[in-house]
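Next come two complexes built around chain A: one with chain B, the other with chain C.
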Partner chain A sequence: MNRTGAVKAIALVGLAVVALLLPLIAPDPATTNIAVFTAMYVGLATAWNIMGGYTGYISLGHAAFFGLGAYSLALLLAHLNIAPGYGPFLLVPVAGLLAALLAVGIGWIALRTRAATFVIVTIAFMFMCQLLAENLVKVTGGGGGLGLPYPRDWSGDFYNTPYYYAMLLLAVLALGVSWWIRRSKFGLGLLAIRDDEDKALAVGVPTRAFKLTAFVISAALVGMIGAVYAYYVTFIYPQFVFDPLIGISMVLMVFLGGLGTLSGPVVGALLLEPAQLQFAYRFGASKLYLVLYSAVFLVVILLMPRGIVPSARDLIARRRRPRAAGPTGTVTDTRAASITRPLASP
Partner chain B sequence: MSLVLEAAILGILTGGVYALMASGLTLIFGVMRIINVGHGALVILGAYLSFALFRSLHIDPFLTLVITMPAMFALGVVLQVVLIRPLKTDREALSVLVTYAMALGIEGVLGYVFTANYVELRGWYETASFAIFGFHITYVYVFGFLLCLAILGALFLVLYRTAFGGAVRATMLNRTAAQLIGVDVDRVSALAFGIGVATAAAGGVVFGITNAFNPGSHYDLISRLLTIIVLGGLGSLRGAILAALLMLVIEDITAVVISPVWASFAFFVILVGVLIVRPQGLYGVRVRERI
Partner chain C sequence: MSLLEVVNLSKRFGGVVAVDSCSLSVAEGSITGLIGPNGSGKTTVFNLVTGFLPRDGGDIRFKSGSIAGLGPDRIYGLGIGRTFQLARIFPRLTALENMLVPVRRAGLRALMSQGQWGHEKERAMEMLEFMDISQVAGTVGGALSYGQRKLLELAAVMMARPELVLLDEPAGGVNPALLERIAGHIRQLNGQGVTFLLVEHNMSFVMNLCHEVVVMQQGRVIAKGSPRVVRENPAVLDAYLGA
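After this line comes the complex of A and B, so read on.
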């Protein structure tokens, strides 16, 4: 193992240990609350990246799946009369499945379009779902919202802990899936679509099936995270879960960390979400919060359009080249090069 | 039946505003290949500027355009130079994010200055109406429609009868080729963005007189405008105008025949229908990446 590998391994183990033991290290609810949301966005950004990063299809409508997952769980709990506690967590995969079904429908239509049109169609679908949640008053309670049962016997410092581990588990699941896709032939096909879809089709990549599969996987993960979120906040209404800001936040985190990389979304979420919560906490009362958020947003995109991870990787590679020009991990290097290649510019 | 007809007339009259706003959006797309997600926020900003002038100086909302349109034009040029021009690679995706950030920034500033309360622009024509063939039509819709028609006409004159318009259309057709024959595409882009933003200001006034609005209104607006330009075919002015009229007529008829809560939903249903049959939109060309 070379030195970077060792550093990476140590960093990973360290991060894992901190993530696992966090409720013991910092048990106060204020901290674990931030941890729940950060783990949530690690999962969301990673899941979004499976579609947006690998295939280059930018979806701004992933909040549709988030909201559907949230509403699914809320309705399941209400209709099945499930007692609060650990039970509701078992229904989270069902919410994921429903989100996946919705994604098959949306994807089937939206993926007929490319590039800019796809972006717009996903936004339109998100607002369509929000409108449905508002209009189907008999099912969803409309604008009045929907309450979820909350576990009364979890209290004090412990209250956030089960939610934190649920979010962490989903984030790890998303990372595992993303990692697996990245190394599979399927993942290679997705990257080929990103680089040049027509050529990919010409060499035999089943582009439509691949795109749809990536879209559905990404949506299912987002749906499950949305379900846990609903259970955590215990009250949802249409604009709150079908929230364009949630949809754009995961995108921004991926861009900040590095589009199409495995670790980029994690880095982006770890940096941005705590900051975002701080902003909201300090300036939430006034709309200045939005102004600050948009300023961060602009600085990230205009100064670092490729994201932190690819930029850092380049920096390291440049430092090393003079000393160690040789066979240091050639395989991973070509992979890295293909990951960091910017999308085909117009 | 007469109710449906009345809804159709109202749809055409309000469709004019959407046609104007959507033309600005599709013009920006056509020239720069970027999606201006902040267009809705710029419309609302235009409405608020007129509202501020109207409240402090008691100028008629329509007359405030003399001040707001040039101001918004200048703002548009600045925004293009500061936010859009620096994007070199992957413009389509990055521009969405940048303009989204711009929208959030505008929403934040407006919320800070004007609070989240709903406001409305007012004039005598807002409630006064006249009767024609037994239909009662409020003056404001007619004035708004005429204003939009005039500005759209001016836009077409500029695009099809001036040298600058030729440069704009050349850039829309093929950016590289336009550059080769000596078109300063950077300048054209900045000015086109300015024009798009100026039309947003005009749209904002009409929108503000016919609707109550608050800083968050841009989400609803932009989802409609984006749907319209996708329907019309991205980058097609004619398509945007036709789609806007079509959508608003169908929306208003849905409101009468079915229920107002489903009116906006009709919008999206049409979008889905059109995408299944014709993914490139009414007047669009199929997107193929250049090899």
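After this line comes the complex of A and C, so read on.
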């Protein structure tokens, strides 16, 4: 293992230890509350990246799956009369499955379009879901929202802990799926679609099936995270779960960290979500954090338009090059070199 | 025996008849050239054969089964590969990854598996060596020269061992030295049993390489035969030089 490899491994292990022990290190609810939302966005951004980053299809409507997951769990708990406690967590995969089913329907239609049209179609579907949640009053309670039972015997410092581990588990699951896909033939097909979809079709990649699969996997993960969110906040309203800001936040985190990279969404979420929450606590419930968001993105777009992870990789590569440059002087585009993966080494 | 048979194929774009009941066949083991003035429908025929455009009439038969109506990915899977005008490769994937995208894998398990790259990578490297571009295996497509892209595109198409390869202007925009190399590769692959159908404007390239030439004009086939016969056909001279 070379030096960067070792640094990477140490950083990963460190991060994992901190993530696992966090409720012990900092048990106060104010901190664990931030940790719940941060783990949530690590998962959301990573899940979104499977479609948006690998396949290049930018969906701004993933909040549709978040909301559907949230409502699914709320309705399941109400209709099945499940007692609060650990039981509701077991129904989270069902919410994910329902989100996946919705994604098959939406994807079937939306994936007939490409580029900007796809972006707009996904936004439209998200608002359709929001409208449905508002208007199917008999099912969803409409604008009045829907309450979920909450465990009364969990208290004080412990209350947030189960939610934190549930979110962490889903984030790790999303990362595992993302890592797996990236190294598979399926993942290579997705990257080929991102680069040139017609060319991919010409060399035998079943592009429609691949795109739909990536979309559904991404949606299922987002749906499960939405379900845990609903159980955590105990009361959901259409405009706060089918929330365009949730859909956009996960996208912005991916762009900040690095689109199409494995670690980029994690970096983006770890930086942005705690900062945003701190900002919201300091300046009250104002929308000032949106100003912060735009400031962050202006800086990113101006200084490192491809996000933190690819820019950092370039920097490391550039610093190492003077020593490592071989006599052959192979042309390697630094702009694109960040995309090379282990697969590339012959 | 003909490997590919196009029968009364037609395609209209609005009021323009791009391909007008065109019939041609490509003999197994041959290098067949498809020539004609600009706008005569050659590339449209390619797009119809490879499933990128739906046809308006006629039939396309490959190994005596109809492939009309199938999608491009299915047609590639059946053994027809193609290259594009102006070499299309995946710019953000490395040359080696470009080679691995076309590898066929059947079944969900194989698609999702991690550890089966061994012999596929080996074959990809062999193919890159055959094209004499193995030194750029780790370089991303976007950083390759135009000539390297042309060679990479051809190499990648060969990865799934297609029986028929359609080349759209293989000599377009390349220098004479590279032209000679490309012609050599096509001959060598043809020697290994691969059949080629190519669209090309460079006449000496076509006349030297092809066993059979088909001439199109305004969507119709106006002549076919050996290069020598076609070259002396008055209709062909008319089409190219104008009467």
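To be clear about the criterion, the second predicted complex is superposed on the first by the 320 of 346 C-alpha atoms of A that agree within 3 Å, B and C clash if a C-alpha of one lies under 4 Å from a C-alpha of the other, contacts with A are read in each partner's own complex, and residues count from 1 in each chain.
Here, contacts are C-beta pairs under 8 Å (C-beta built on N, C-alpha and C of every residue); 3 or more make two chains touch, one makes a residue touch a chain.
Predicted model, so just to flag it, every value in this text is computed and none were measured.
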{"item": "Which superposed partner A:135 touches (first chain B, second chain C, both, neither)", "value": "first"}
{"item": "Partner chain in contact with A:24 - chain B first, chain C second, else both or neither", "value": "neither"}
{"item": "Comparison of chain B and chain C by chain A residues contacted", "value": "B"}
{"item": "Which of chain B and chain C A:295 touches, first, second, both or neither", "value": "first"}
{"item": "Touched partner set for A:120, first chain B, second chain C, both or neither", "value": "first"}
{"item": "Chain B versus chain C as contact partner of A:196, first or second or both or neither", "value": "both"}
{"item": "Touched partner set for A:90, first chain B, second chain C, both or neither", "value": "neither"}
{"item": "Contact residues common to both interfaces of chain A (with chain B and with chain C)", "value": "196, 198-199, 343-346"}
{"item": "Residues of chain A touching chain B in the complex", "value": "56, 58, 60, 109-110, 112-117, 119-121, 123-125, 127-128, 131-132, 134-135, 196-199, 244-245, 248, 251-252, 255, 286-295, 297-298, 301-302, 305, 342-346"}
{"item": "Sites on chain C touched by chain A in the complex", "value": "50, 52, 71-73, 76-77, 81-82, 84, 88-94, 96-97, 100-105, 110-114, 117, 121, 125, 134-144, 156-157, 159-160"}
{"item": "Chain C-touching residues of chain A, taken from the complex the two chains share", "value": "180-181, 183-186, 188-189, 191-192, 194-196, 198-207, 328, 330-333, 335-337, 339-340, 343-346"}
{"item": "In the complex, chain B residues that touch chain A", "value": "29, 33, 35, 37, 83, 86-94, 96-98, 100-105, 107-112, 116, 215, 219-220, 222-223, 226-227, 229-230, 234, 261-262, 264-265, 268, 271-272, 275-276, 279-281, 287-289, 291"}
